[in-house]
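Sending over a structure as C-alpha cells; questions will come in a sec.
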C-alpha cells in the first residue's frame, strides 16, 4: 500500500481489512478445525477399516493390512444389515410422522386465533428437553403399571397391560414414539416459519380465480413450501439415522434386537466386542448409505432453494 | 519384602504406607471405575483406609453394562484415567488380551492376600491363562428364594400335595420349581395381572442368558467341545431352553426389561412366590424397612435336572465383582493395596454385612461371621456357600462378551416367540463358530482348556 | 382473509390442538410430578397423578454435594458437577460455534467466500453419524492428549454444531441490508467497527436463537460425550445415562428431579426467545 | 357484463377507518381509476370488491347481484396485483391455465384458450418459461393473460405498472387501454401515477382518508377540482396556492393577498379568508395587462418546458411552467399574470371549492 | 474541496463489464448527475468512487490524491443511498453522530455538531426518535444530516429520492440543490428521474452499457443528443424516430421516408439510410406551410398538455405534444409539421449523430 496520504498506522490491521484477506478470516479457523479434527479422524477410520485389528490384538499401528476383509465381514453380518435396515425403517416411520404431524399442527396454528401463542409454546417444549431425559421419562411412563397403560385402559374400558419396553413391536413403537414426541416440535417450528413466510399475493390471486382452499393448498402453497419440506426432511432424517439415545435408555436395544439401531450395534461391535476394524468398515458402509440418501435430499433442497431465490427477484 | 502384619488388611495398610513413603506422598486420590449401582457399600471402608494411609478414592461411575465399553476404550487410550476398577469375570479375557488388566501375581504373593480362605471357584474367575488379574470381592452364584409363608398358609400344603404328589418346599428340579410356580401364581381377578407371581428370574437383555446357562449346565450341557465346536444346539440345550421359556409365563409381564433394581423391590414387596437371583436378594428381602416379607423367605439350593438317573444341581457364578488393576494406572501398587484391604477377611466381612451391601459372601470365614449371619440369615449364607460347591463359571474365554451377547439375543428372540428355541440355539452355534474363527481357534482352545478345571465335579453339594 | 363454510372449524381445531398439547405435556407433567413424590408413590397401581405427600427430598438429594448414603439398587445421583461441566462444554462450544459460524455465514453471504456450494458442503458434515467418528476419535484424541478434557469435547461440539449455526445465521445475515454496512464504511468505520456497531446489533436476535438451539443440541449430546470423557468431564446426559440405562434406574424421584432441573433453564430460555425462534428456522428459504 | 355499485361501503381495521362509507356507481364497461395518497384506502376498496376483505359495513353489487358475502372466486372478476403475483413454481402456460383448471375446463379447451390469449398479449412464445426468467414487461403481460383467459366481466388492477420503468410503463398503459377498448369490460384501476390516471381513465375517483373527494372525467378533475385537496394532489409540479382574503365587490369579488390583488368580475363568492389556486402552466410571463412584478429566483429546465420560480413578494414563490424556448436568467425581473379562467378559489378553513 | 477524476476506470464482475473504461473529470463544486438505464453501471461507478468496490482497471483521483487503493473511510466523502441506510437500531442522534464517533470526536463536540447540522436540515426535533418512526421526508433529511455532519468535500448520492412520492421528491430535490448552493461541494448524483436530472445537474453524464454516451449541460443533452441512444433515453414521451433515406441535394440534403419527405437546406449530410428524430413538443399541428396530413388515432390528455397520436401513413404513429387547450377528437384529420431547427438525424447503422 502506497497510500501515504491515508491516515492511520497499524499495517496488520489495514492488511486484515482488505476484502480479499478479511473475507477469509473466519474460514481459516473453521477449515482448520475441520482439517485438523475431522479429516485425520476420517483418514484414521479408513485406515482402521483396512486392517483386521481388534483391541485385544496388540497396537493398531502394528496391525497388518488385510484389504477389504472387514468390509466383506460387515456385508456378511446379517445383524449389521438388519440394524442398518431397522434404522432406516425407524426413520422411514418416524420422519414422515413428524413431518405430517408438524405440518398439520403448523397449518392449524397458521392464522391467529385465541390461544395460539400458548399452543405454540407448548408444542415447542419437547425440543428443549435432553433426549436422555426423554428416554428416562418415557421409561417411567411406559412400564406396564405405568400411567400410559392406565390411560389406554381408560380409553379401552378394560385393563391394558402392554409391555411397551419388553415386547417386540411395542418396544419398537416406543422408540419411534419417543423420536416423534420429541422432534415433532422441530418440524412444527420449521413449518410454522415456512408458512409465515409464504407470499400472500399469489394466494390471493388464486382465490380471486375461484380456487378452493384445497386447490390453493395443493397447487400453490405446497409447491412453494417444497424447500421448507426438503430442509425438514433433511434435518430430521439426518438426526433420526443417528438414533442412539432412545434405544440405549429405553430398551437397551432389546428385547432381542428389536430396537438395536445401527449406532447401538456399532457401539457394541467397537467397544464391547473390541472389533474396531469391523466397526470402522461398518461405519464407512453406514456413511455411504446415509450419504447417498442425504445428498440426494440436499440436491433437491439446493434446486428448490435456487429456484426460490431466483424467483425472489420477480 | 512382605509388609508387616498378621492379617491381610494389616499388610495392605502397611504396604500402602510403605508405598506412600517410597513415593514421598502424604495423600493420594486413586481413580476407580465402578458400576453405578455398586457405588454402595464400600465407601465407609475406603474412608477408613484413607484415614490410615492417605490413599483415597475418586469414583468414576459407569452404567453397569457400559463398564466393558469404557474399559475397552481405556485399553485403546492408555490414558491412565483410572487406576483400578470393579468388573465382572466375563470382561477379563478380553481386557487381559487388550493389555488393560494387569497381572498381579507378584503383588498377591508379596501381600499374602489370604486367598486360601476363599471358597473354591470364586478366585478362579479372576485368573486367565494361568495368571491372576484381580481380587474377588463378591460371591455371585445364584440362589433360589421362595416364600415359606405362602407354602405354610392354611391348607396350601395339602392342596399342593394333592395336585402334584410331593410335599411343597425347596424344589430339587426345575420341573418341581415349575409346579410350585404354577400353583402359587395368584390371580384371583383373572385379569392377567396376578397379585402374586409364581416365579421370577432375569429375562432382560444382557442378563437373561445367564439364567439359561445355569439351567443348561444342570442338564449336563457344555457350551463347547475340546475343539471349541459349539454343543449348545443339542438335546440338553433345547430342552433346557424350552423349560426356561415355559417358566417365564409365571413371571411379571415386564420381566424382559428388568434387572436387579427392578426385580429386588418387586420381590421384596411380596409380589412373587419365588426368585432365582443373586444372593444379595437377602439384603432386600430381609430389609427391616423396605421389605414386606422379612423372615418369610426360604433360601434354597439351586434346582437341577435328573441326568442319567442322577440329580445334577448347577449354580452359576452369574456376575461377581472383582477388583482389577489397570496396566496404565498411575499408582498400580496403591490400587492393589486398597483392593487387598477391601477383600481381606475382616474388611470383606464388614462389607458383606453392610446395610446396603451388594457384596455377597465368598469366604469360608463369612460362614461363621456373626455380622454376616445377622445381615443375611444363617440359612442363606449356608445355602449360598453350599451352592458354591456346584458352581460353574460363565464362558470365560476371549470374546466372551460377544459370545454371550449373541446367545442372549437369540434366547430373547426365542422367548419373544420370534424364532423357535431350536433356531435360537442353531443361530447361536453358527455365530459362535464365526467368532471363534475370527479370533483364532487355536488360541480359543487354549483359553477354553484353561477354564475347564473351574467346572464343578460334584453333582450335588455335600 | 375470510373463510366461508365449516362453522365447526374452530371447534375441530381446538380439539386437535388440545389433543396434541396433552400428548406433549403428559410426559413432562409426569416427570415434574414424580420429582415431588416420595419413593412409595413412584410406582403404584393405579399410578398417582399427583403426589399425595409432596416432598422436596429428591431435589435435596441430587443437589447436595458430597457422598451420601447409598442404598442397594437405589443409587443417588449427583448433578452439580455434571451441570457445571455441561454448562462449560456446551456453553463455550456453542458460543465459539456461534461466533465462528456467524462470521462464516457473514463472509459467505457478503463475499461468497468458499463458493456457492459451501453451506451445502458444511451441512453434509452434520450428516455423519457420531458413532462413525467415535472410535477413531478416541485413538486420535489420545495422541492429541484431548481425551477426557474440556477442550476436546468443546472442539468436537464446535465442529458438529457449526453446520447448524451457519445455516441458521445465513437467514439473519442476509436480512441485514448491505447498504447499511456500506454507509458505515464510507463514514470511515473499519470492517470490525461495522461488524460491531451495525451487523452485530442487527443480528443479535439471530445470534441468541442460534446459540440457544446449538446449546440444546450440545447440552443433549450423549454418544460423543460418553466416548470422549472418563473421569474428569461428565455432562448431564452422561450422568443420566449412567444411572438411567434400561437395566438400572427405578430411582425415579431423583431422576425426575434431575430431568426437571436439566430441562428448566432451557425451557425458560426457549420461551423468552420464542418469536425469534420462528425466524431462525426459516433457514432463509422464504422471505416476504 | 357488469357494472359495480358500492353502497356506503366501509372497512375498519382496529382503530383505522381504512374505508369510510363510500358510494360509487361504475357503469358497465367503464374504466375507472382510483387515485389518492398512500394509505387512503384504495387497495382496501379494491380488495373488498374482489372479496378478499370483508366489508365492515355497506354493500357491494356487481351487475344485479349483491355479492357482499360471496367468495372471491364466485364474483367472476379478474385481478392484477402490484407484485403481479405470478405463481413462481409454474410455467407461464400453467400460470395462465390455472384459473381454467380451477374451473375444470377440459384440457384441450385449456390448451386452445391459453394459446389464444397468449397470442393476444404477445406471450405466445414464452409459454414454456418460468416467471423468474421473464423480463418486467413480459411478466406483466403474463399476469394480464392469466386474468384475461377467463374473460371476466370486471377487471381490478392494483398499481399493476408501478414496478416497471418509465418507458415500459408508457408502453403498457397504452396496451391496457387498447385491451379495454376491445373487451369493453369494467375496469377498476389503482395507481399513483398521474399520467396513468389522466390518460387511461374514463373517470377518476380521488380518495383521501377513506373518503371519495371527487369523481369525474380526467380533465374535469384536473381543471375543475372539487376541493383544495384534489387540486393540490393533481399536477406536477403542484398547483400554486396563494392565501388571502376575498372581498365582495360590486359586480364580483376581489381577492387580496400579500403583494397580490385581483378582481374577479361576475363571481359571487362572499367575503372571508380564501385560497387562490393556479396551476404553473396558467401563470404567464407577460409584459402588458394586469400583471405583477417578480424576480426570477430559480430556473428548472425540463427540456420540453421550463419551470420558473417567481419571487413576487408573497410568503413563498410562485412556479410558472413556460415554454422551453423562453429566454430567462436567474435574477431577471419579469411581470406575470394568471389565466383568469383557470383560477380556482377555496375556502381557507374547509378547503371547499368557492368558485362555481 | 476536491474535484474528481476518473481515468479509464473499469470494473468487471465475472463475465459482466459493469463499467467499461470511463474517463470523466468533475471540477470542484460541480453538481454532476449520472443517468442511464438500469444496469448501465451507475451504481458501480459511484461505489468505486466511494471505495466500496475495487476497480479492475483505471484510477480514481480525488483532489490531488490518487485514491484508487484507499479505504472508503479515508476519502473524506459523504454518501447517501437509495435505501437511505439509516441504522435502525440507533436513534436519529446516534445515526448522525455515528461518523463523528468513528472519528473519535469528543462527546461534547459531537453533541454540538449533531445539533447544528440537525437544525440545518430541520430534524432538530427528531433527534430522540428511531428511524422506523420517521416519515419518508424526515428519514431523507436525517440521511442527509448524517452525511453533512462531517462536512465532506464530495457527496455521492445513489437515487436518494426514488423511494419518496412524487410530491416530496420535488420538494427534496429543491432542498438538495439549495444545499449544493450553500456548500459548493462536489456532488455526484445518480437518478432515474429525468426531471431530477434536468433540474439539478450542472452537467449530466449519460451512461449505457458501462460507457459514457454523452456529458453535457442538461439542455444540451436534451436538445442536442450525441447519439440515438441519448436521444431516445431522454424525454417522456420519447422522441419520435422515423427511419428513411438521406439524399444529397443541391444546397443541402433531403430526407425521404414512407409518406414523408423533407428538405434540409444548407446541411451537408451525405447519403444513405438515416433516422430522423423529433421530440413530441416539436411536432406541430398546422394548417399551412410544408406539412403532411394525418389522422388523430389516440388522444391522451395530461392536463397541462395533451398527447396526440398521429397516423400519417408511416409504420408507426407519431406522438405530438400539444397545448391542453387544443380542441381535438379521435378521427380528426390534421396536418402536422416539425420544427426544422429541432430535428436531429442519426446514422441508421451506428446510431451516431449526423447533423452537426
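So that you can tell them apart, the chains are marked A, B, C, D and E in the order they are listed, and the count of residues begins at 1 in each.
One rule holds in what follows: a residue touches a chain if its C-beta (ideal position, glycine included) is under 8 Å from a C-beta of that chain, and two chains touch if they have at least 3 such contacts.
All figures in this text were calculated on a predicted structure; none of them were measured in a lab.
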item	value
Reaching chain E from chain B through chains that touch each other, fewest steps	2
Top chain pair, ranked by number of contacting C-beta pairs	A-C
Chain whose Cα centroid lies at the greatest distance from that of chain E	B
Between chain A and chain E, centroid-to-centroid distance (C-alpha), Å	55
Distance from the mean Cα position of chain D to that of chain B, given in whole angstrom	94
Distance from the mean Cα position of chain C to that of chain B, given in whole angstrom	40
Overlap residues in chain C, where contacts from two or more other chains coincide	1, 139, 190, 241, 245-247, 249
Multi-partner residues of chain B (at least 2 other chains)	65, 70, 73, 76, 204-206, 257
Residues of chain A whose C-beta touches two or more other chains	17, 19, 60, 143, 165, 199, 204, 207, 224, 251-252, 254, 267, 271, 276, 308
Chain E-facing residues of chain C, complex	177, 179-180, 182-190, 193, 197-198, 201-202
Complex contacts: residues of chain A adjacent to chain B	54-57, 60, 73, 79, 143-144, 159, 161, 163, 165-168, 251-258, 267-268, 271-276
In the complex with chain D, residue positions of chain E that touch it	37-38, 165-167, 170, 174, 192, 194-195, 198-199, 218-219, 222-223, 234-238, 279-281, 298, 300-305, 307, 321, 324
Touching residues on chain D, where the partner in the complex is chain A	50-52, 71-75, 77-79, 81-90, 98-99, 101-103, 130-132, 134, 139, 146, 150, 156
Chain B-touching residues of chain C, taken from the complex the two chains share	67, 69-75, 138-139, 141-142, 147-148, 226-227, 230-232, 241-243, 245-251
